[in-house]
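Next up, some structures in structure tokens.
Each of the two complexes below includes chain A, the first together with chain B, the second together with chain C.
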Partner chain A sequence: MSMEERIDFYPTHETGGVRFRRGRPLPFGATIVPNGVNFSIFSSAADSCTLVLFRKREPKPFIEIKFPPEFRIGDVYSMIVFDLDYEDLEYGYRFSGPWQPEWGHRFDESKIVGDPYAKVLGGRDVWRAQPDWLDPYQHRARLSFDDFDWEDDKPLEIPTKDLVIYEAHVRGFTAHTSSKVSAPGTFGGLREKIPYLRSLGINCLELLPIYEFDEWENNRQHPETGELLLNYWGYSTVGFFAPKAGYAATGKLGMQVDELKNLIKELHRAGIEIMLDVVFNHTAEGDQRGPYISYRGIDNRTYYILTPEGYYYNFSGCGNTLNCNHPVVRNMVLDCLRYWASEYHIDGFRFDLASILGRDQNGAPLSNPPLLESLAYDPVLSKCKLIAEAWDAGGLYQVGSFPAYGRWAEWNGKYRDAARRFIKSEPGMTGEIATRIQGSPDLYWYRGPTASLNFITCHDGFTLRDLVSYDYKHNEANGEYNRDGNDDNHSWNCGWEGETNDPGVNALRIRQMKNAATLLFTSRGVPMLLMGDEIGRTQKGNNNSYCHDNELSWMDWGAVEKESELLRFFSRLIAFRHAHPALRGDRFFAHRDYVGSGKPDISFHGTRAWQPDWGGRCLAFMLCGQHASPKDSDMYVAMNAYWDGLPFEIPWPSEGKRWRVAINTSMQQPQDIFEGESGPIIESSELIVGGRSIMVLIA
Partner chain B sequence: MTFESSEENGIGTVRLAGSLDGKTSPEVREQMRPLLATYSKIILDLSKVDYLSSAGLRLLLLLYREFSAKKGKLALVGVSEDIRTVMSHTGFLDFFTLAGTQAEAVEAVS
Partner chain C sequence: MALDIQSAVDGNTARIALAGELDGTSAPALRQTVDKVLSGKPAQLVLQVEKLTFMASAGLRILIFSKQKQPDLKIYLVKPAASIVDTLHKTGFFDGVYVTDAEPAGV
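Our next item is the complex of A and B:
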């Protein structure tokens, strides 16, 4: 008997010329089946549910079909509708149920709500195109083919210890006219810049949120400049399963799924993993004043953490908190990540405000959060990198204590702060920086250094250039009188606030950027670089550019030429890290010799060899290469955060070897960084390390 | 959608005109079926196709795959710049042989 002869592939009901039958409760969402589409959706508290079908972009539905009582199994409504034009279909639901906010119910049958499992969402098809505000259904669920031809592609599974992550914004990366790509600001545009990422040497691209969001959410005009301010970063999810249509050049044709998959396939071909920044802590529905997009109108009490009075807890700082440890929501998150890992070949996920994922249904932190445990042990996700932003806006700070199950890594905020303070010459930082360089064993002693995602800058805060150009944030362009954004930046302007023509200040800034980069790429753990830091991108002192879809946030590709010295330094530095396994170990240093090389795996020094000064501004460390690989070099890194040059006594190299300069941040190109063993040999036992400079020697 | 076919020196040429989308794809597929069985070399002329949807692209790939499996050769000709860009962004372009002119297409399948 062929599949086509199955009796359940034929309709049993008809209304208004549309034929349908009882569906299957699982999987949730809209699934293309022989002859039709299976629609399935959960609601635990609704009285009834109606499927609403539209032709693409039409304001009025062509049919509404109320689920007959026998189509509900448990809390799941399901139905197969036949003979639909998959490409021309948009679907939503109406739910009838109680309006009892004090019990958590906010049903409103007049609203059409979207499917939480929608794989494609229409309504914001072209970035920044004015939406039809009168449309009663703003974010319209559509069907996805999910038949992309991946050929032999699969997630790359690069060992975590070898990753070099580049954090970028899809639009900001190529929106600037200087990018000269065919479709600026899109997945397609990004694809054209893969050669740049390859030559820089990164092997993992982390994208700011690409799940469908509404760039128009909370849009406003700057009171003085009139600049239109948008939700540019996108940390406000409309649909967790749908890629941002406005990020696709082909979004207007509904082909964002293919365009994103093609980008991923090409990244993988270039040896670059892709990691998504995912936001499961809240949704775009805001608090009780917010819109009905989906979850609130389907099962408010299940999807959100509510106060005893039925209001929204706001641990996210964005109006509501997703009820991640409710079993139904937990399964949705799991289904979602499995979908992205299997259907889009995503290599890893970075979880925004991940501590929320460890709160219970009343908001209390759990010691063994079911969601985090499920993600850690999931069979489909087992090779995906899982990285937590281990804090939330409700006061939970879990850097070093995030429930990890041997799987989770963390954005190490302590690394960032210590690195910044050391580089700006704060005294007494040598002890802490020694710990951070080793992968923060104080925080991750039972997890290993790959649990430490090291970074000095990220999208949230100053860029690297601004970190060395501003003492204070300058967020006036955000229209909130400079009240928003972090005040605790540990930044130093090098003697002048903002841009200057002073050659001395500018030279020092270049040096400080090189120092930061050298520290980051010689530290154990996983380094992450912010988009544009390699070419000195500035946001003019703005440390919270979430609302700027303009040149303040965009990467100016003209700087690839103008800042070629910095770019050369970064790409050689990344190559240096890739070349030396001693920099990338996945175990903590033992501080002893366990291979018989005559040297400990790591040793610390000061201006005198073997005598570190715990409390000053100078620190040197030596890595014994043999402890990582029989062929790896020894390495000596002398960091002088004092403002004058200082002599450092160098430990003796191993028998038959001589120290050579690999990096010297006090020099300009080409003497700042050398390829392989082309640097000058050090003849004396003493090294003068310039003020606020780092030297790296290899032997 | 209109569909015309002709033959010259054992090469079948199919000229499509209009929109190739979810509505017209099944019909085109039916009409192509006997041609795929008849010829080993086919040229698909899309110069009169003004719109190619996701379903249309999938039909082309399906035809290409079916035909290649039978060791047939297929080339596209007259692909507009817009359609070529869409095919490039979505990854479909690499699967096909594209020709600028009918003569080039004949050469490509010969």
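Our next item is the complex of A and C:
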């Protein structure tokens, strides 16, 4: 007997010519079943629920079907509707229930709300296309088809210790005309740039949010320039299960799912993992003044953390806070990540303002947050990388103390700050930088160095070029009178604020960028590079470009030629890291010799060998390659953040070996970085390291 | 614009000529035709699409479904419009079909 002949897939009810029957409560969402679609949705406080069906893009529904009372099991309304045209269907719900904000209820049956489990959302199919603001249902749930041909693809499971992460914005990466891709600013455009990412040497691409969001949310014009400012970054989720349609060249055909999967498949073929920046801390519904998109109209009290008066706690800084540790919401987050891991082959997730995920239903931090524990031990996610931005806008700062369960890594904000301060020559930083380059054992002693996601720049803040070109933020283009954005950047402009033709200043900036990169890629932990830093991308001093869908944010590919020296340095530096397991250990250094090599695994030095100066501006360290797995060269890294050149006494290399120069940031290409063992041999026991420079030797 | 569908089966080869727009409305008719011509398990499916001006996701999914039901089926797209080829590339379907300027010899 075929599935089509089974009695449980035959209709029992009919209204307006549409046939339906009792559905199945699980799974939530819209699921294609024989002859029909199973619709299932949760609400704990509604009085009734109505399924609203549209033909694609039509303003009025073709049918509304109220769930008969017997179709509700517990708090779940479910129904199978037959003979639907899957390709031409959009669906939503109306919920009737109490309007009692003081009790957390904000039901409004006049609103059509979307399915929290919607796999595809229409309404913003083409990036920046003017929406129909009169449409009562702005973000329209559609069906997804899981028929993509993955062939033998699966997540790559690259060991965390070997990752080199590249943080990028889908649109910003190729939107600039200089990208010369066939569909700028899309998943397809990004796919065409995979060869560039391969040649750079990164093996993990971390994308800023690609869950469906509304670029028009809070859109406004700059009060002076008239420039249209949008929600460009996308840290405001409309639908957790749906990819951003406007990021797909084929979004207008409803094929964003396929285009994204094709990108992921091609990335995997190139040996590059994909990590998503996911935003579960809040939704795009804002506070009590915000729109009804989904959650508020379905079960406001369940989905949001509310004040005793029924208003929205704002630990996210964006108007509301998702109630992540409510069991129903927790399950939604789990279902969502499992879906992305299994259906899209995602390799890892970076959680925006992840500390919110550790708050209870009253907003208080939990010592053993159920959601974080569930994610850590989930069988489907067991090989996915989980990385926390371990703070939130409500004042919770958990770098080093985020509940990890042996699984979670963290964006190490302390690494960022220490690296910046050391590079700009702040005195007394050698002690802290020594800790940071070891993978921050003070923070992660019980987890290992791969818990430390090391970065110096990310989307939120200065680019690397701006870090060495500006003392102060310049966010006037944001239209907020330069009040927004971080004031504590630990940046230094190298003698002139902003762009200059001064060759001395520009040479110093190049050197400082090379210094930052060298520090990052010789540190134990997982390095992350910001899109365009390898070609000196500038945002003209803007350290909060969230609203700029323009050349301020986009990557100018013309710099690939103009900044070829910097790009060459970065790509060779990344190759250097890949070539040297001594840099990528997943255990902390023991500071002793446990293999009988005669040298400790790591040792610190100053201008005199074996005598580090913990109060100064220069520091050297030596890695014994015999302690690496597999065995590696010995390595000596001399970091001089002082403004003049200094002589460094070099410790003796292992017997029979001689030190060679691998990197010297004080030099221009081609003497700045050497491939393999092609660098010059050091004949002397003393090394002159230029002012504000780093030298790396191998033996 | 309506979709005009002409089909024929010749030995191991099924042929379908399409003209007009293949969208969500016209896709079911193509689906029926494809099911009919593939019922005898031919080795090749040749789609003459020179006069096809638009192919929606529904049309592409018919091809995918055909391939999934009969993995050894060779699907030829003869003279597709550039926009259709571009969509095939972006969505990853290009590898599953043969795009040609003429019906291949021996087919």
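The rule is simple: the second predicted complex is superposed on the first by the 696 of 699 C-alpha atoms of A that agree within 3 Å, B and C clash if a C-alpha of one lies under 4 Å from a C-alpha of the other, contacts with A are read in each partner's own complex, and residues count from 1 in each chain.
In this text, contacts are C-beta pairs under 8 Å (C-beta built on N, C-alpha and C of every residue); 3 or more make two chains touch, one makes a residue touch a chain.
Just so you know, these numbers come straight off a predicted model, no measurement behind them.
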Three-chain arrangement built on chain A, chain B and chain C clash or fit: clash
Touching A:258, do we find chain B (first), chain C (second), both, or neither? both
Quick one: is A:56 in contact with chain B, with chain C, with both, or with neither? Answer first, second, both or neither. second
According to the stated criteria, A:183 is in contact with first (chain B), second (chain C), both, or neither; which is it? both
In the superposed arrangement, which partner chain does A:489 touch: chain B (first), chain C (second), both, or neither? neither
Counting only touches as set out at the top, which of chain B and chain C does A:323 meet: first, second, both, neither? neither
Does chain B (first) or chain C (second) touch A:231, or do both, or does neither? neither
Touch test for A:78: chain B only (first), chain C only (second), both, or neither? neither
I'd like to check the shared interface: which positions of chain A are touched by both chain B and chain C across the two complexes? 85, 87-88, 145, 147-149, 182-183, 186-188, 191, 248-250, 253-255, 258-259, 261-262, 265-266
Which bits of chain B are touching chain A when the two form their complex? 21-23, 53-55, 57-58, 61, 85-86, 88-92, 95
Would you tell me which residues of chain A are touching chain B in their complex? 85-88, 145, 147-149, 182-183, 186-188, 191, 248-250, 253-255, 258-259, 261-262, 265-266
Contacting residues of chain A [partner chain C, same complex]: 56, 85, 87-88, 145, 147-149, 182-183, 186-188, 191, 248-250, 253-255, 258-259, 261-262, 265-266
Chain C to chain A touching residues, read off their complex: 24-25, 27-28, 56-58, 60-61, 64-65, 67-68, 86-87, 89-93, 95-96
